[in-house]
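Each chain gets a letter, A, B, C and D, in the order it is written, and its residues are counted from 1.
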Amino acid sequence: MGKAHSRALRELRHLDVPLRPELVSISGRDPESLERARELWGWHEAVTDWREQIEDERIGLFVNAGPNALHAEPTAAAGRAGKHVLCEKPLGLTAAESHELWQEAERGGVVHLCGFNYRFVPAVRLARELLEAGELGDVVHFRARYLQSWGWDADPALWRFDRAEAGTGALGDLGTHVIDLARYLVGEIASVSARVRTVIPGREVDDHFVATIEFENGVLGTLEASRLARGRINSNVFEVNGSRGSAAFDLERLNELEVAEGRSFRRVLITEPDHPYMRFWWPPGHIIGWGETVVHELAHLLEAIAGEHKVAPYGATFEDGYRCAEVVEAILGSSESGQRAEVSYRP
Amino acid sequence: MGKAHSRALRELRHLDVPLRPELVSISGRDPESLERARELWGWHEAVTDWREQIEDERIGLFVNAGPNALHAEPTAAAGRAGKHVLCEKPLGLTAAESHELWQEAERGGVVHLCGFNYRFVPAVRLARELLEAGELGDVVHFRARYLQSWGWDADPALWRFDRAEAGTGALGDLGTHVIDLARYLVGEIASVSARVRTVIPGREVDDHFVATIEFENGVLGTLEASRLARGRINSNVFEVNGSRGSAAFDLERLNELEVAEGRSFRRVLITEPDHPYMRFWWPPGHIIGWGETVVHELAHLLEAIAGEHKVAPYGATFEDGYRCAEVVEAILGSSESGQRAEVSYRP
Amino acid sequence: MGKAHSRALRELRHLDVPLRPELVSISGRDPESLERARELWGWHEAVTDWREQIEDERIGLFVNAGPNALHAEPTAAAGRAGKHVLCEKPLGLTAAESHELWQEAERGGVVHLCGFNYRFVPAVRLARELLEAGELGDVVHFRARYLQSWGWDADPALWRFDRAEAGTGALGDLGTHVIDLARYLVGEIASVSARVRTVIPGREVDDHFVATIEFENGVLGTLEASRLARGRINSNVFEVNGSRGSAAFDLERLNELEVAEGRSFRRVLITEPDHPYMRFWWPPGHIIGWGETVVHELAHLLEAIAGEHKVAPYGATFEDGYRCAEVVEAILGSSESGQRAEVSYRP
Amino acid sequence: MGKAHSRALRELRHLDVPLRPELVSISGRDPESLERARELWGWHEAVTDWREQIEDERIGLFVNAGPNALHAEPTAAAGRAGKHVLCEKPLGLTAAESHELWQEAERGGVVHLCGFNYRFVPAVRLARELLEAGELGDVVHFRARYLQSWGWDADPALWRFDRAEAGTGALGDLGTHVIDLARYLVGEIASVSARVRTVIPGREVDDHFVATIEFENGVLGTLEASRLARGRINSNVFEVNGSRGSAAFDLERLNELEVAEGRSFRRVLITEPDHPYMRFWWPPGHIIGWGETVVHELAHLLEAIAGEHKVAPYGATFEDGYRCAEVVEAILGSSESGQRAEVSYRP
């Protein structure tokens, strides 16, 4: 994510956004690889202690793209120090920690965004707009799954398999994305019934979860994530069905949205000038890539910092990061108890 | 289904099966439409009381394709009378009734088949064979859904919406198919967590259900069925992921199976002479239709009656019909209780 | 094709058509396999000399599904004898022979149909209806190709590779289908520039051809057929682009038509009751197979014999078979001369 | 293209390439929009006369992304001045002009690349590598088409419709891409039979062409391009069939390659670290966009300038640009003469 954020920040110096970012300082633990990153990715300085950045008056926006266990302390400090802050998902290792980060950012009065970048896929934003405009009628069903397969052959030493570093596995890494998309597209989640499973013996974190969910508006849905689905590389798929129509999305074909308004689906290429975010890019049919979703996310954040709009509802705030964490805990709780778990949110 | 079974029986008079069916007698309640059906579909006689057929010594196979509420009595009577019997799904209106039908058929010593015709889609049979042969490794995940959309605009007077006639809605009609496919492909279901929902006000039966399931072998999965998914006409979709590969199927493209053995999916057209059931049909690439699945089902049943093989495991017996009914009841129970429901099966 | 026509004729005894066919007599050269076919396919009698059938007063419709070299003589005789006649494509071995067959049938005053069964795919008929209704505007482009791959591994003794039996190879077998669809959907072909090629050494007939065509209405297009396209099993694909929209079809998914009316394509499942020929079959989404196209073809022919409509324009007459043959000859001529060949048609 | 090249050059300052570009100077005719472009796209200077750049000793690489009519003079001057040069396609307005540009660059001893950027789509490069490695056997067929639809509703004042500015229409704009891909994947084109057509009344340039081609190695193929294919946005599609397998590509899904090695096609997502150019980007399944193809093209050019490899065969040189132009002229000639045109190339 460091590479993707660096590239997006550089790119935004050359796009039509109200603030032009300077790449002041990058931090990391290993001096050698840090300097390589600084030099390659175009940062002015590199520091081995993020605290220096918190105290650096030149810095207005703090981007935390570190491993999950390093989200909380620097992110909280940035908020306290009055720096706007983007923190990668999952926000904290627990719902409590996530709530604290949200509160800290609010108390700091800063603009905060949690890195659910799939909200910034043009097709996903368009799905949200279709829903808001009532084009699909009242939502009745939602289903989403995020399937990858690298978990079969992965290096066991990876930080993503370390419970202390990562917290959870497929649930926190992939599941949080589908939880956020569910909330973004349909609304707040009221209850879950779930199973979380570690398939590979000896692995500290989960490989797979399944859940049924009920939204506060009564809609039912299913969620699933896995790192063990052979043949699925990065298959983040959702479908929402409404009383008038449906929309279906697949991240491996992120420039497309399947939209049913009558009894059949149209495959819409989301590359027209009037499609979300496409003013930044190319002529129709000249598709964009995953990296561009991070550009859109940071553009949205810069516009929010410039006061053009709020981060919410089209971007995920720390409140969204926190609420997602409550759903994660409800999923874990339901898996253990065997009971449907109501999701409760602190104010 | 009467039309489909009649056509399949006629067709089987001209295919290479060990028994050549005679279409002795068709029964129905309304004399006028019954006579029309008899004449058009090629039956020798028509009777308004199925009891006549039970007593008719010329009849060796009794096919029950009536509405759900008319499954139990004639099917039980046929079994008692020593007639082989095919009963459409869902077998009975309850698990208890289904169990009784199974026991009755066993006591009668007859060959019994429950009409889960999707086992006889060549691509589905091939998926099962790939799994048996270990081509996909150990199964780790399963997901299936059966989505239709006609429920939005349907005639409220339809028997499918009448609780007394139909028992349940999407669950019994579509859900039983995906439950059977789950059992057929992965194994016995041990527990479920589910929600069942009537969306359309005033409707007596459910429109939608979602469930997470755990199989006895520990595999987790999701099931869903709906009659309210705009843009989905007959979208019976499953995917099974194993440690070595995956297979994915969609009934709207029933001649295809997507198979991943390495990191990508191949789209295999299941129309080669060495593919299941294709010895009956056309040259490669000349696809078959839904109606042919009923031909395969009845061919399988005739072969079983001729002693060439058992109905199980490739066909669904009344035991399968009964076990499916237990899963249905566990789904209904879990939806009400909010708890994971263990599925228990009578011996 | 004998199997497919037999099945279709039997099927039509149980569908809503104005004439109910009797399967009077089948002919063939080898008595043993003929008797097997008679018995399995449900014909009353078998004769080894088709001339007996020509003289048989019980026979009203003569179906010629023999190898290409056996199309002319029996078909002409049937027409002369006043029997309605269906002759498989290609009609004759040459344009001259085809023209003679057409004239003979006209002189005999019989109803004649040339077996271009893909006109009877519901999606293809719907494409034609969309074009007639102006839904796609004025046609500007057409492209079609028919790709198979069995030619790589085929038995060299097959009659399809014998020039005397087959006339041509991919061109006559597959190419005539795309020529007929081009004429059916867009109009008469005025000129062609083509290359015809035998790829496999020693083969007597062509494996592949490519052509550009101009229609009489000025539309340009491309045609291609091959038996050597690895991975393509029965890939008969066309696309027609008009000033208002487009339609695209693939025989391997014959229940679907891709229709663009705005800037994106809808995937329409052609299985609704109001879709062409679907009154014969199943509920929406329950797809039909290739064999059913022959049922529709024969239903259309029976309706024409009953006087309900003419064979043209929705079915192909012998005139269409003849006109197709002229295009074939123009393709062969252009391939040899290296020049664009005007297609000329006898009156 | 100016925007795309500017972005790619900036991006390459932060990727692992042997030369790090400086964005010295941009030129343009309108001072106001030029200054806006300079400022937004990150160029140090802007000049209204490209001749200043030719004389500027700081400049080592001259990128010509202007309208077609402005390719020749500056490109020739750059070559003469010893500057490496990238010129957008089509290289010159005629084959003669293209040949002269090639000769000029050779005489200048500079590295030259013609902007056929689709060679740098990872999937296209992989298709070439599969062919080179013999994975698909001997090529037997090739077909390609490039369909767009904006021509229906376009502003008539666009330079692309001005014969003096653009030379040709769909042929030069889209057709040259498919001609180059044909040559890249299969080999030199020996002859063509073609039709070129202006459909929209009053338009100075062509909207559509169709062609059959024969390669020097005897392979036959078809080419087509149009700006009037409703529903097709940027549909640059090719398929190559060999004796052992096939590959199929669609630019609207540029991260995918369909590969048949047995009798079915696999959909391969070209996003693995070992896939061409993907070392620059993201984890598997995180797709790239059209803009990245320009990055790859310029990376390839920088590596060639640094002496790591030649531009050919994986990049298109001015020789490729010239040879493409000869095919274009043969297409125009054949369309007028109605005869197959041999393509002759100057030495």
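Operating definition for what follows: a contact is a pair of C-beta atoms (placed from the backbone, for glycine too) under 8 Å apart; a residue touches a chain by one contact, two chains touch by 3 or more.
Quick caveat: nothing in here was measured; it's all calculated off a predicted structure.
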Touching subunit A and also subunit C, the following chains: B, D
Farthest chain relative to subunit C (centres taken as mean CA coordinates): A
Whole-Å separation of chain centres (CA-atom averages), subunit A against subunit B: 41
Geometric centre distance via CA averages, subunit D-subunit B, whole Å: 54
Computed distance of Cα centres, subunit D from subunit A, in Å: 36
Where subunit B touches two or more other chains, by residue: 233, 263-265, 269
Partner subunit A, residues of subunit B touching it in the complex: 136-137, 140-141, 143, 145, 147, 149, 152, 191, 193-195, 197, 199, 208-212, 214, 220-222, 224, 226, 228-233, 239, 241-246, 258, 260, 262-265, 334, 338-340
In the complex, subunit B residues that touch subunit C: 4, 6-7, 10-11, 13-16, 40-42, 148, 150, 233-235, 251-255, 269, 271, 281-292
Sites on subunit A touched by subunit C in the complex: 263-269, 272
